[in-house]
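First the structure, in the form of structure tokens, and then the observations on it.
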């Protein structure tokens, strides 16, 4: 019987639950002994010229070894994302201008951490304020420019150079338009960002840089580029990482700053930011203003859909400027809509940079199309679940290339919707809702249905893996993925174990060390299993083949008579065998391989959210959420469920609670965990997961990616449910987050009440 | 100032700044780095330890305030990775941790919760952990872990219907051990 | 993240604490549970030069009957209030309110004296004591004085407590079978109240509806005049001055005050 598909407990956990995982700030390494602490002085202004920096008092403070300004730093500015305009290059320490609250200006190096915080308070910086730009439409107007040399705040776009087709909705009985906000959120991983660095001696010295990242290999390349050194002079290691959710994709400029400071100081250096710094400094997510227009006939056929996206890049464009590409690509969702057009424009604002956040461009597409379907359904008076089923791409049309330009590999969208509705007892829920309305209950029931498809593979469809069996019978697997909670050490061990017959606890999976594993595309975009896991599977399979070849010589048997069972190569039907360990003793037994799936895969599903809304206070609570998330065959149900749970919670949270807010001067007003609300256990229910597994033809495991399903499916389902709960009052739309204030204001307005 | 704190059963002492936070005493002075710092507003609970048997957020306690008292951290709970204390054992068996950053605090908060309420309902667990934030798990499995650690049945208490087509594995057990070890129970 | 440096001294008695307060004057702050003061110091919004730790004084840690009141030591922790059998019988509003403060870890450290002294209008216990019509007993170099809670607060984070005084005791009536309720509106369980309403024996204390805890006097008067709960509760925000912030506008707070007052009164009426 196969180990694949079983609930193997994580091999990571015994250490995590006793000594604790070792995150970047936990590192004890002799190379870091006596490391200086870096404390960054950051801008309190959203947009300003720096007119003076006085570090004299700071330099005299106890324990201070150096105080470095941008002018002294000796590191040229750099763009933070390849496609970003060169005019948007960011200084590693601001010299004459700051463009968001939190932009680093001065670095203080001290012997002890606490000394750094004290000395930082003594740095005096004079700012001459410039107008802040926070509102996206204001940014688009170019009235206040962030980068005069660029001449515009528009830094990217897709399809924005073409005019919209005025006749797109000709022939539609019904056309509905709505403006939507997909609000800015913070990834809020429990571990903030951290980096430590030390250089080896001599002119050819190399830097060893430990950093909390989701991709050591690409971060290394970026840092090397920013430092102006050859790539092989940077050795980047990702220790255990305490969550990323996309915000730890791409090297942060602070990584290069830390490495450079270590070189200047001639000593090891460590940096670990506070939560408040993290809430302004780490990339944030979403932040799109959307206009949707949907048209169709009264029978329920959707005939045309238009999506217009205005996206925020933050001050210094990073991967966020690219994400609207995915939004456009996934715009039509699971629906076969004859006419679809979209465009996206991305502008800079005097705020924190936007990066990837669980779903990265796809939740934005899904919430938009799902809102559109609900609005269309309401307009024609049809049940929203029924409208969806009517318009989904049927199973016999796969592979299906959408008007958005994506080719969906496999899918059973109607089946997913049906499964979710059945598990939720949809008719029963509608009956309960009607009964409450009849009685005039103050606690209304709302039901939201979402159907989604999403693109996984992270844009990097190739991944490498190496498997080696050692003479002592243990195994080392090297992977180019970069787990930060996903359990790859367990999952990849399962894949190797399946082939080798060696138990999971004898298999060590290593990742994230660029000297050990020079190539890798990291963990993001739900790519890991379908590329990296398959590569491990492939490498283990190739190792089995290699072992059989070698064993044939040793055992003087025919290869065809040999099988690998329980860690040994055995002549079928006999006791004649040689262990893999013994073979390894004779000659290293290792394989390195690359798997390239060549294309993204498209997991899909349907969520049903049941919420209760207190009509007197606007407070919405998720009572139940039932999800179908189909990402193909499940390797480890424990891990897959965990990924779904986490995504669902974040999806609910974006729908109901989270919002990064800036005031009109660009000051962040939600920059602590006291102000930035995401749920505790008390705000969430247990989740009902329904299983469905439609394999992809793109890889031998049939696996797609599950990591982001939760945010993509749950966010629109919960938004839909809350609006559904108050729809009988005549409310058509409420923007996220549907926090009590906003819901209550909608109710009060609908009832014609005063505050 | 000189302080002495019993940590995980061992006497420790040091000369520290009055403002040294207990969490930094544990991490930097004693080198016990399982306890993490996740925020700066006493919100997240990642730093939770037991002081005199009660759960507290060690980022909001001065080491000086714990002078002469007894502190327990995650490192002090289990006899070893192969011999986990029932609470972390349940976290493992129910997959109640992913990135692990909130976990030491979550486990200690659970130990504190169960010492005050040995047989909590699902609601009581959720409210009992209101001071501990997790971003990875959605709490679903953490709640199960706490219920399992309390000797109760999570399926029954959470009322979440068994998922069709998936065999429930016995709490703490491995679903299938096809002829070779799959990582073993804690 | 980390407070500015300070001197620390642990008082071994209330008298010693007072002597230290006198010695250090306005440079010193009292440290009881530390869960109002330390968070503020960590953000460097406060930077006392001296902390006087009164967190381990048994003479401040008690809940006992004293005639027709319950006397509670200023150093009594929220956890103790929450789990007090005596309070559950004699003054059930108080343990119920204490249970909502922060989270279990906070409740293991925070004290009622600390909470009252800090005077955050968004905190729960001051409004509960206000609804109870309790008294605050202050002790200083000039001796003891008892201040009714109704005159204790003078403004946001401000009270009549002098810098050289300590809250040694809080005295609340034995309300026994009188109807009571506490409604606390939050986004997340361990948040500060967006609005809170404490009701006991026909008196109503409001959380976060102004710079200090407030009584819903108009509602109380209407009830005394025989108005229905519905009509009386509609007046709950009279005389209040709520702020607008991240989770709520002033208007929303006013609305919540009315809604929660109605609910609390309904619950209290049984």
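Here the chain labels run A, B and C in written order, and each chain numbers its own residues starting at 1.
Simple rule for what comes next: a residue touches a chain if its C-beta (ideal position, glycine included) is under 8 Å from a C-beta of that chain, and two chains touch if they have at least 3 such contacts.
Because the structure is predicted, anything quoted here is derived from the model rather than measured.
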{"item": "Pair exhibiting more inter-chain C-beta contacts, B-C or A-B", "value": "A-B"}
{"item": "Maximum centroid distance from chain A, chain identifier (CA atoms)", "value": "C"}
{"item": "Distance between chain centroids, defined by C-alpha means - chain A, chain C (Å)", "value": "42"}
{"item": "For chain B paired with chain C, centre-to-centre distance based on mean C-alpha positions, whole Å", "value": "31"}
{"item": "Whole-Å gap between the CA centroids of chain A and chain B", "value": "26"}
{"item": "In chain C, residues with contacts to at least two other chains", "value": "1-2, 4-5, 188-190"}
{"item": "Sites on chain B at which at least two other chains make contact", "value": "17, 19, 40-43, 127, 130-132"}
{"item": "Residues of chain A touching at least two other chains", "value": "113-114, 274, 276, 674, 679-680, 682"}
{"item": "Complex contacts: residues of chain B adjacent to chain C", "value": "1, 17-19, 21, 40-43, 45, 48, 51, 54-57, 59-62, 64-65, 67, 109, 112-113, 116, 127-128, 130-132"}
{"item": "In the complex, chain A residues that touch chain B", "value": "1-3, 6-23, 26, 28, 113-114, 187-192, 240-243, 245, 274-276, 423, 484-487, 490, 493-494, 497, 501-505, 566, 637-639, 641-642, 645-650, 672-674, 678-682, 684, 686-691, 710"}
{"item": "Residues of chain B that touch chain A when the two form their complex", "value": "17, 19-20, 24, 27-28, 31, 33-36, 38-44, 46, 74-75, 77-78, 80-82, 84, 88-89, 91-93, 95, 97-104, 107, 122, 125-127, 129-143, 158-161, 163-166, 169, 174-176, 178-186"}
{"item": "Interface residues, chain A side, partner chain C - complex", "value": "113-114, 117-118, 121, 274, 276, 616-617, 619, 657, 661, 669-670, 674-675, 677, 679-680, 682-683, 739-741, 744-745, 748, 755"}
{"item": "Contact footprint of chain B on chain C as seen in their complex", "value": "1-8, 10, 31, 34-35, 38-39, 42-43, 51, 53, 55, 79, 83, 102-106, 108-109, 188-190"}
